[in-house]
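These notes open a run of structures that come right after.
Two complexes come next, and they have one chain in common, chain A, joined by chain B in the first and chain C in the second.
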Partner chain A sequence: MRERVLSLYEKWVVKHVAEIGIPRLLIGCFVAALLCVAYLYDMNLSLLLSDSLVRVGRNGILVLALLPAVQGGLGLNFGLPVGVAAGLVGLLVPMNLDVGGWKCFLVATALAAIFGWLAGLAYGWLLNRVKGQEMMVGTYVGFSAVSGMCIFWLLAPFHNRKLIWPIGGIGLRTTLPCTSGMSHILDNLGKLELGQLAIPTGLLLYFLLLCGLVALFFRTRTGLAIRAAGENPLYAKACGISEDRTRLQAAALSTMLAAIGIVAFSSSYGFVQLYQAPLMVAFPAVAALLIGGGSVSRASVSHVVIGTLLFQTLLTIALPVANKVVTGDISEVARVIVANGMILYALTRGPR
Partner chain B sequence: MPHILELTGIAKEYYGNRVLKGVDLAVGEGEIVCLVGENGAGKSTLMNILFGMPVVHSTGGFSGSVKIGGKSVEIDSPFKAMACGVGMVHQEFMLLPGFTVSENIKLNRELTRPTALSRAVGGLDEAAGRRLERLDHAAMDADARAALARVGLEVSEDTTVGTLPVGHKQFIEIAREVDRKNARLLVFDEPSAVLTESEAERLLETMRALASDGIGILFITHRLDEVMAVADRIVVLRDGERVAELKKSEASVQRIAELMVGRKIEKRELPPRSFEVSDKEMALDLQDLKVEMPGEPVTGVSFTVRRGEIFGIGGLAGYGKLGVANGVAGIYPSGGRVLKDGEDLPLNDPAGALRRRVAFLSEDRRGVGLLLDESIELNIGLTSLQVQGKFLQSWLPGLSLLDRGNLRGHAREMIEWLDIRCVGPDQPVRRLSGGNQQKVCIAKAITLDPDLLFVSEPTRGVDVGAKQRILDELVALNRERRMTIVVTSSELAELRSVCDRIAIVARGKVSRVLAPDAPDVDFGLAMAG
Partner chain C sequence: MIHPYEPDLLGFARRHAVPVTFVALCLTLCVLSGQGPAFLAGEVVTRLVRNSFTTLSLIVPVLAGLGLNFGIVLGAMAAQMAVIAVVHWNMSGLSGFLAAAALAVPLALVFGWLVGLLFNRAKGREMVTGLIASFFANGLYQLLFLFLVGTLIPFHDPGLLLPEGYGLRNTVNLAPVNYALDDILSATWIPHQGVTWAVGGAKKADSAPSVELPNPVAQNTSGQGTPVKVPIGTFVVIAGLCLAIGALMSTKLGQDMRAVGQDMHIAEIAGIPVDRTRLIAVAISTVLAAWGHLVYLQNMGTLNTYSSHEQIGMFGVASLLVGGASVTRATVWQALLGTLLFHTLFVTSPLAGKTLMGDPQIGEFFRVFVAYGVIALALALHAWRGGNQK
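Let's turn to the complex of A and B:
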């Protein structure tokens, strides 16, 4: 009997734990425990869950944006703010013209994709000059891009009175409401309401659609070339693949996805945040990917989806629960510890 | 003449593979003993044992005894070896490029002078006090100058080492060993490989001078003329055995060459060809090919390969044989001219070579040949997919996706045909044995359907049983698919068993093209250049 239990343990528990990975298991248990505590404290679970679903949809694409860079051998793309800045420019163009609704969203996404791609090519060009230090350089490129854009927001030729400072006639405000009909446009598409639980169907489907497209892309010739060059540059060279080219493509794709992602984020959030807001955008995204089981050198779409689910749920539930249990506001502190702790953990393990 | 070093009955196994089978070696005071042998004869293992390298002890130690200065010693770490007065001049430089010549020479043996602080601390703890003493640069420089003078190198002792030419660094290495007061035995491990001819000449002089001071010298080299120039005695190793010990008077370059190579060649009947190989049809024509491959430079190689032939490239490690295939395949920068089927093959263009149906299996299987974390099937198919667009399925105009079913079917066929031992086509290749990884590489090459295949070190890191299978498969490819094959290998016996002709590359050039049944002497001489 004891042996049978042991063999079953070996067969199921050990195998599955190895498959899921201990960090993911721990975070998963933590989320479950938080849910229990929330229930015990009589908190509104439906509201908490609705919140986390929205946040999953909002942040998912930004996590997905990391994937091409990891696959292409660029490591974790801490330069995500470059793409975010490009996406914000794309979003502000139709807003400046007072375009609203779907038209605004689609035009913004298209422009964001174009600007993102171009910015990504420049970013990739830079990364090709600092091979082996992409993550360090990317972090600072991201920071510099945000600061550089601060000047741009002040000087850019946007004249719509709804966007600029009321006094002076130039310079965008720090937080702008989305044009009418544009906010929550994806959330409201096919929104399901089960009692108090609201499911932002459109937003989640949009995220999954992009995940599917990225997964398909990595089955094309170009996608496979990026993967091969990312894993083993010498192999790629022997195949006749130009590593510099695939790295450029990976950086451009990653930056483009970040640009598209910030359009979806802003529309779902209802506000466009400028200036210092995108400064730290890469960190929670990176943490989510790592929690999902990705690493500096390997990640997949499933890591993106699982990681976003775990990380965002953790954040949305942990904050109110923590505030309830502990007097005083420790939620922000907890969030920073979880996000950066996760990054630290993954980086110290290093590439195999 | 008293013996400084006496090794008796040294035997060593690596994972059941006996690399040394009871070797005796002695070096007397002021004597220069040359140790010669092919790659894999056991020279490095013997030196690792003498220096107590960790690799020896982590793999089960060795048997036999080591005596230094007539006393039995147990050398279990390089520090112990140094304490016993054994010094090593390395092939790769162990110098700190940012330090000066004298700092490098006196590294870890610095001369110091006490300071006020060191005296104060020394009163409490003598060792700690010594660590706080000041470097005595004047004394160190004087020592360094003396050592440099002994090796005949004229550089200022305060030059930074990083700025010096390669040849000088080699002499600084020697000066460092010479400077040690207890130096009794110096091992030179192929020191002349990086030296120019005049520098090599001076190296030999230095060795003679050191020997006349009473230091014993063990000289490992592939250059037989150098052996003849300095050796008092010559020890020949082959397949882990000491096959001969010659006095200088009884040795000749021919004799050493023959002893190094000579082995019973198992004569195997190769299957006959159903087609003819003639001098009229050339598959490949190399004209003065130069390749900048680190460690294996090719300085100008010319030969022709007939269509349908199995052509061998042999030679000693570091002499450029591996560079030839890497150059043609475009992996390392190359110059000169390469004709395939009479037409120019673009150089420095791996994709171009592949499109002209030239495939290359790298000697660095795990580094260049495979994506270790990807599946067997992807490894087999990816190159063909990239170069020839195989295994792609068109979904929309301009959108083609990987055709998993087709790829899997093909991978299954290959697994069966080559007998790759695996769980299934989706197993990552990292988990396969060396032999099976090599078969995946062969499958990758077959999938490209080349008519000219370069294979480098096909049996390196492959266990004995799989070796023969891999060679058989190469022969089968040649006979059944009429593939022209160029095999590069360090194992001469292997080349002689499958090739129609063998080019021996020495010092970056073809020294001779030989028939596989040519006498051992010819091979030995050709390899030594």
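Let's turn to the complex of A and C:
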């Protein structure tokens, strides 16, 4: 009897746990537990879920931006702020000209993509010279990009009265409201209201569309080459693929997606955050990818979607629930512990 | 062909590209800052006292092949826990400082051991693991001191707790142990007046700054009459640490560490317990970092409960790299030179930024940019050079 139970246990539990992955399982259970607590405390569940859906759409593209880097063998791209900085520059150009609505969003996205691609090429060029230390160098390149851009925001030639400090006539403000018609433009596109549950259809579709495009890209010739070189550089070389070239493409694509992602984020958030705000942007994104089941050397679009759903739902629900149960802002501390604990776990597991 | 006795300046500059670049940068910024040598000397001496010990604590793991140990932040946390306990027990002076140093050892050993276990599971990416481990530990630290102290942990000291009755205050006054180590023996140099010596804390009472300096504001701006205090006691301790690191490296354990740092597989075959040696290296580094942070805190005189430790790893690593150390090679001299250069840069860059761009805020941003940029640049330069050698 005991042996049968054990064999059943091995057959079902172990196999399924291994398939889902312990972190995904733990976080999933935690989210479910939080939802139960929220229900028991008579909190407005539909409001919480609408909030988390909005946040999934907002942050999803930044998580997606990590994917090409992992696929290309660059590891977790902690240099995401490079792309974010490029995207913010792209976003501020139409805002400076007082363009609003769809025009602003599309122009900003196009400019962000161009700037992101260029910045990504430079970043990739650097990463090609520091093979084996990409994550470490990337982290500090990201940090210095953000702090370098702080000086840029202060000196940049933007003269629109709505963007700069009222005194002095130069220097962008720390937080800028999006131009009229630009804020929540994706959220409101085909917004579904089911009672109190609001679904930001446009935002989610935009995120899924980009996911689809990235998935398609990795089935093209170029995409397959990037993946092959990332998985086995020697084999790729034998096939005539230039590893340096594919790594460059992976870094540029990753940075470009981060730039596009911050435009969508700012538009959905309604505000553009400058200066030190993007400093830590990479860490929650990396945590989300890892929670979704990705690792340092392997990730897929499904990991991105699942990870963003789990992590952002966790963050959204944790704050109000924690505030009901204990006083004080414990959720911020919990966020730090969960996110970094997740990254640590992945770092100690990956292949050597 | 270079004549053997001819000074080969270009070759020297190329071999020591990083420190030479930063010496040049420092000199430029010193000139741009528009401050007198006495002001600069005073600032730099203070920062050498505060930070050399922490920078030196990074050397052992570098030699053991673990790279730059960002996990020293955990050592700093151990030091802060110890110093909070000492303040709570109303201990003061040198005995208080020594008690804190003794108390920090077991804490730092445990933390170092845990970080070492983590590093052994993440061979090849110890640095980024250490960085994330420091963020993670910071989360646990906040959880402990913001929420658990005073609620789950029975600790009721109204002087240390927030008004709500739980959670530690943002700043803890370390006046009881302020200058505990510095004042064992210190020399104060006042330009045009000579040097005064002081043993023990006796000098404190009769040398209030207002007595020595009739018009401190005017003298500070001219940068001429500022007294420069040189805490000989702390420098002796730092020199002792330098010698101790040298001695450690010539023991059996130190040689094992070097062997492991050179090549883990060969060391394993030669019968050296690789994982254990790496653990010991990290533990030593963490304990030294805890002591280094205590030296820093006794000089500062205040503890920012939730932020004093955060920058320790970054500053230490940046200092060591600026001195010309690499991820695999570091010497005591590089650590000292690096601390000197990095902190000169740190003192002068806001002033220089202000002179150049005319905005104090730009100076602040420039300083942060320099700190991050220095690490990025040095890491990239070294990784780059390493790639070329392969």
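In this section, the second predicted complex is superposed on the first by the 337 of 352 C-alpha atoms of A that agree within 3 Å, B and C clash if a C-alpha of one lies under 4 Å from a C-alpha of the other, contacts with A are read in each partner's own complex, and residues count from 1 in each chain.
Keep this in mind: a residue touches a chain if its C-beta (ideal position, glycine included) is under 8 Å from a C-beta of that chain, and two chains touch if they have at least 3 such contacts.
Keep in mind that what you see is a predicted model, and the values were worked out from it rather than measured.
In the superposed model, more residues of chain A are touched by C than by the other of chain B and chain C. After overlaying the two complexes on the shared chain, residue contacts for A:R221 are found with chain B alone; chain C is out of touch. When both complexes are overlaid on chain A, the residue A:N232 reaches chain B alone and has no touch with chain C.
In the superposed pair of complexes, A:R298 makes contact with chain B only, with no contact to chain C. By the document's definition of touching, neither partner reaches A:D244: not chain B, not chain C. Judged by the touch definition given at the top, the superposed model places A:V333 against chain C, while chain B stays out of reach. Shared-chain residue A:Q133: touches chain C; no touch with chain B. The touching residues of chain A, when paired with chain B in their complex, are 216, 219-221, 224-225, 228, 231-232, 234-235, 237-241, 298.
Only residues 118, 121-125, 127-129, 131-133, 135-136, 138-140, 142-143, 146-147, 164, 167, 327, 357, 359, 361-362, 365-366, 368-369, 371-373, 375-376, 379-380, 383-384, 387 of chain C touch chain A when the two sit together in their complex. Considering their complex, residues 329-331, 349-355, 360, 362, 364, 367-374, 378, 382-383, 385-387, 389, 392, 399-402 of chain B touch chain A.
Across the interface of their complex, chain C is touched by residues 78, 126, 129-133, 135-137, 139-141, 143-144, 146-148, 150-151, 154-155, 283, 326-328, 330, 333-334, 336-337, 340-341, 343-344, 347-349, 352 of chain A.
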